[in-house]
Amino acid sequence: MTEDLLKVGTYTFKSRLIVGSGKYRDFATTRAATEAAEAEMITVAVRRVNITDPGQENLLDYIDPEKYVILPNTAGCFNAEDAVRTLRLAREAGGWDLVKLEVLGDTETLYPNVVETIKAAEQLVAEGFQVMVYTNDDPIVARRLEEIGCVAVMPLGNPIGSGRGLANPFNIRVIKQRASVPIVVDAGIGTASDAARAMELGADAVLVNTAIAEAKDECMMARAMRDAVRAGRQAYLAGRMPKRAFASASSPTEGYIWD
Amino acid sequence: MTEDLLKVGTYTFKSRLIVGSGKYRDFATTRAATEAAEAEMITVAVRRVNITDPGQENLLDYIDPEKYVILPNTAGCFNAEDAVRTLRLAREAGGWDLVKLEVLGDTETLYPNVVETIKAAEQLVAEGFQVMVYTNDDPIVARRLEEIGCVAVMPLGNPIGSGRGLANPFNIRVIKQRASVPIVVDAGIGTASDAARAMELGADAVLVNTAIAEAKDECMMARAMRDAVRAGRQAYLAGRMPKRAFASASSPTEGYIWD
Amino acid sequence: MTEDLLKVGTYTFKSRLIVGSGKYRDFATTRAATEAAEAEMITVAVRRVNITDPGQENLLDYIDPEKYVILPNTAGCFNAEDAVRTLRLAREAGGWDLVKLEVLGDTETLYPNVVETIKAAEQLVAEGFQVMVYTNDDPIVARRLEEIGCVAVMPLGNPIGSGRGLANPFNIRVIKQRASVPIVVDAGIGTASDAARAMELGADAVLVNTAIAEAKDECMMARAMRDAVRAGRQAYLAGRMPKRAFASASSPTEGYIWD
Amino acid sequence: MTEDLLKVGTYTFKSRLIVGSGKYRDFATTRAATEAAEAEMITVAVRRVNITDPGQENLLDYIDPEKYVILPNTAGCFNAEDAVRTLRLAREAGGWDLVKLEVLGDTETLYPNVVETIKAAEQLVAEGFQVMVYTNDDPIVARRLEEIGCVAVMPLGNPIGSGRGLANPFNIRVIKQRASVPIVVDAGIGTASDAARAMELGADAVLVNTAIAEAKDECMMARAMRDAVRAGRQAYLAGRMPKRAFASASSPTEGYIWD
Amino acid sequence: MPQMRSIQLNGEARRVAAGTLAELVAELGLERRMIAIELNLEVVPKSRYAETRLTEGDRIELVHMIGGG
Amino acid sequence: MPQMRSIQLNGEARRVAAGTLAELVAELGLERRMIAIELNLEVVPKSRYAETRLTEGDRIELVHMIGGG
Amino acid sequence: MPQMRSIQLNGEARRVAAGTLAELVAELGLERRMIAIELNLEVVPKSRYAETRLTEGDRIELVHMIGGG
Amino acid sequence: MPQMRSIQLNGEARRVAAGTLAELVAELGLERRMIAIELNLEVVPKSRYAETRLTEGDRIELVHMIGGG
């Protein structure tokens, strides 16, 4: 599989498993799980420095920006303006131009507000960002985001942090079949088979955070996700057998001793 | 994972992917895919030698019994007597005492005839065979087969060769939770995520034949299955996150610049 | 639909909804819900009379055996002998020869023990009972029970009282396609759409108890089940549209004002 | 159920089954099936009169606008402007102000273009139309359409004419739980149990066209849909039993003769 | 005075005055109930209750129908 | 004799004798149909068919309701 | 010259010169193959091929392993 | 002694001695951190921290990267 590379905008990756850095019990576990996942890209959030204790440890003391592609996100933004402000700051902080845009619609589902997302995407693309964009599983919206110039479209499988897998595999497949930019299944993956399934549908990559960070053994789950993404990718490329309503014998049906 | 071994009767395996040797276009592909799968156990069928051309090539010229554990099956048997005769011959042919018993109920579903299967299992166990037994997904029947002394119980996921995955995950989980012998999901696995899912349910191993032999690229699918089984096993051992109806933010919900 | 009658052994019914009489808060509700369901057949259990208070109210004071076909069951029996004893007593008590045989495998799943079920069915048929038999969803076992002479085969949809619907619709359909006696989906139905689905698969009837008895409004759910069974039956007879992967316009795709 | 009325804008209905008038083999069947469905509202499309044969029979010769609420749709419109023009004409033609807005995103999925849909909805509401709006199953978009002033929101279950049922029941439920206007499941319903399921999720009504028009027996399927909608509605109101992983005996577990 | 017998009735030891099943049923006030009786593992038809004599140590099961699924 | 006009009717060029929308509707025999007319992108109410004169090059859409889902 | 025998070999009538199973296996060129033989429904261990004589009408099944799932 | 200024720093009123953004960053000990600053809704490049003077009432956002999905 050495030649099967993932190209996102001007970046190229061997790994098709993107990880998040949220929800870990500590930074050491974040680093250990990220290494176990053999990920090359990791999302981070932009937040105010705690002025009362500016010296406290920081995520980037553990996740080396020289070693990983840092993907700043706009988690928590509910309108285009906040999202754009957030990513301008992220770009200044680390010079990162590859960003994950998410403009949320409500706090209960954390589903995107696609109208605001489109508005923000247009602005960010105009400002030269390479935008990977979180969206719902609507193929029409996905195509619009690609037309705007986003470098990757990231449809959700299910609500962020729900771990319920892929609600609508058909839509993911349709989005992929029409896309000329990478499709990354983001949100909803709860266990390894969910990641494998997403890749079998044709997804170019998956983004996993909660499923690793909330596993009892984070590093083992990270390895499970690493292997699942590889498994699903290979199964997709290998071309699966057809499904059959009925059975098909695996052994020859002649030459029996009792014939 | 080096210590996570699979013990079946008196045998011990590193690999939890058992492969079949049926349906391949040629013996060379059978060998290549089996190696790619990193399998240690492979099923074979017992059939009459073609007397008119006894010299023709044989599967075992390609699959070395010194290197793989050969698992003779009773594919095509529809009653206990034929199954027992078949395995007695297999044991004489290669000295193999670890066998896969399957007594079928009809040719359309290839579902087992559990009454005849129980009868055959009792006889074979009495004759000193180590019986791995193909059965339906009924936990009551599975327990009965374990009580008889079978060394592994192999519930179906779906009809043999159907590639439709696991019809009833609940039953597979229940069978596993009650079993003290290995549970091997046999039949129905069509792609990598199906294998991962079976392992996540707690299966100790999976048996795959058609999904590899009928893939466009057999060796790539064999690797996909190898990785999927590892992924599912690790996910099972790692302990997955809980499923949630609604969303749970992956990024902190405070410290926003617009608060 | 007036001519679409259900024939079970020597009995004929207009209704395809069989109800159970268990789990109700009181006998009055049992009667009211049974009437609301417009059922013609109702299952009852056989138990010891409470000798210390033999005069207490009885179910049959509310459910008139002249008005309903009483279907004694063997709920709680875990072997063939107990089931046969139980039904001999039931026949003596009310002269009922149409019975529901269920021989259970364990208390957690309440799945049948098919080996004991087969044994009991053979004995009961020999004694002239008209046996409706609860079984798992294995088509091979179902056919065996029909061959024995059971007048109806009752595969489970899911564990009794679980309300999880149909775990394996494929098996229910296969059982029906091969059967020449009525197939009654028994166990697992939790709401109206489950009953409709079972009928659409071709089931000749459904048996519902917990879903009605545990609904907040028992009588309204009874009516819902009545309508759902009719809906599913009619949909089955009407012949449904084909499923399509993609869309098919419901309105003509020409004559637009902007062409 | 006589008091359980459906209120849409200024209209009130007894029936919760809305039918379409497309795809029928002839007008007589359209009328017969519409009557069999006991529908009170029927969708129609707006198209150019065939000038070369202006006298040919017309749908409204069979579907009496005095008897049914006519719901003009914008099927085939791919932008807001065409949709608005179409409905202005419809209002002039029959004085109908209750309309079904659908602005499509492509011809393959017939999924809505939600951005254009929102634009059209704003314009139509401003012009005094009572807008029932077809949309995807995104709860954020659904709420936006309600805020604009649409009198009913009509999320899709699956692509129009696909007959694949409800792809994402969770989203339908979420949309309903947050809505203060009626939610009508539109598109995807293929058979009776799909309609029942939609109603059980809380939908206030369903719109069915292809599933009736393409059934082998249109009128029988129309009755099936009528009964299914009633069944699902009653089940929703009755309050279903809880789902359980394991079994719960329907018969008392004491008083056995073998205790 | 009537002679009393010790029998097993529905799993419990009991002393009864009844000499026949018919008398036992009457003693329990179950004449008009839909019941069935198993005497030492054999079902006894109602028609034979009157002639069926109880003897010391008889094992009797006396059942009826209750709500069940 | 009436003067003929060239108009675009439902996307097709057509010469009509009708001088008003009312006459056009009559010419087509659609008086009793539930139709609607858009004249040069503006919907014309039925009440104004009589007074609405056709002029050379008018673009007219004349629609009715058909079966649709 | 060797006496020929008529036997049932894998379901087909066949005349063979072999007097023992060992000779039959040699005659078929299967000495180095992983095979097994059932003679009149009884499996015969390889160790006894040499001493096992064929007689007229014997029913023999001669099997090997092939691809199967 | 330095003149103190009142500014809004990360949403909180604060009096600082720093006269420039560079001095503010130093005052907070964040020189070697990957941070970014928004001054009155405009992002200020690090290259201009030294020349960017603080004035009474400035609204400053000072952010860094934290764990997020």
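List of remarks:
Order of writing sets the chain letters: A, B, C, D, E, F, G and H. Residues in each chain are counted from 1.
Simple rule for what comes next: a contact is a pair of C-beta atoms (placed from the backbone, for glycine too) under 8 Å apart; a residue touches a chain by one contact, two chains touch by 3 or more.
Not measured: the values here are computed from a predicted model.
Traced through touching neighbours, the fewest hops from chain B to chain F number 2.
Comparing contact pairs by residue number, the interface of B-H is reproduced by D-E among A-H, D-E or C-E, since over half of the pairs coincide.
Chain centre most remote from that of chain C: H (centre = mean of CA atoms). If each chain is reduced to the centroid of its CA atoms, chain B and chain E end up 56 Å from each other. Between chain G and chain H the centroid-to-centroid distance comes to 94 Å (mean Cα coordinates, whole Å). Centre to centre, using the average C-alpha position, chain A and chain B are separated by 32 Å. Within chain E, the positions touching two or more other chains are listed as 10-11, 38, 61, 63, 66-69. Multi-chain contact residues of chain B (touching two or more other chains): 20, 22-23, 43, 45-48, 73, 75, 85, 89, 109, 111, 160-161, 164, 170, 209-210, 245, 249-252, 255, 257.
Listing the residues of chain D that touch chain A in their complex gives 105-106, 109, 111-115, 118, 136, 138-141, 143-144, 158, 164, 167-168, 170-171, 174.
Put simply, chain A touches chain H in their complex at residues 20-24, 27, 30, 43-49, 51, 54-55, 58-60, 65, 70, 72-73, 75, 85, 88-94, 160-161, 207, 209-210. Those residues of chain B that touch chain A in the shared complex are 20, 22-23, 43, 45-48, 50, 73, 75-77, 82, 85-86, 89, 107-111, 159-164, 190-197, 200, 209-211, 213-218, 220-221, 223-228, 230-235, 237-258. The touching residues of chain G, when paired with chain A in their complex, are 10-11, 38, 61, 63, 66-69.
Touching chain H in their complex are the following residues of chain B: 249-252, 255, 257, 259.
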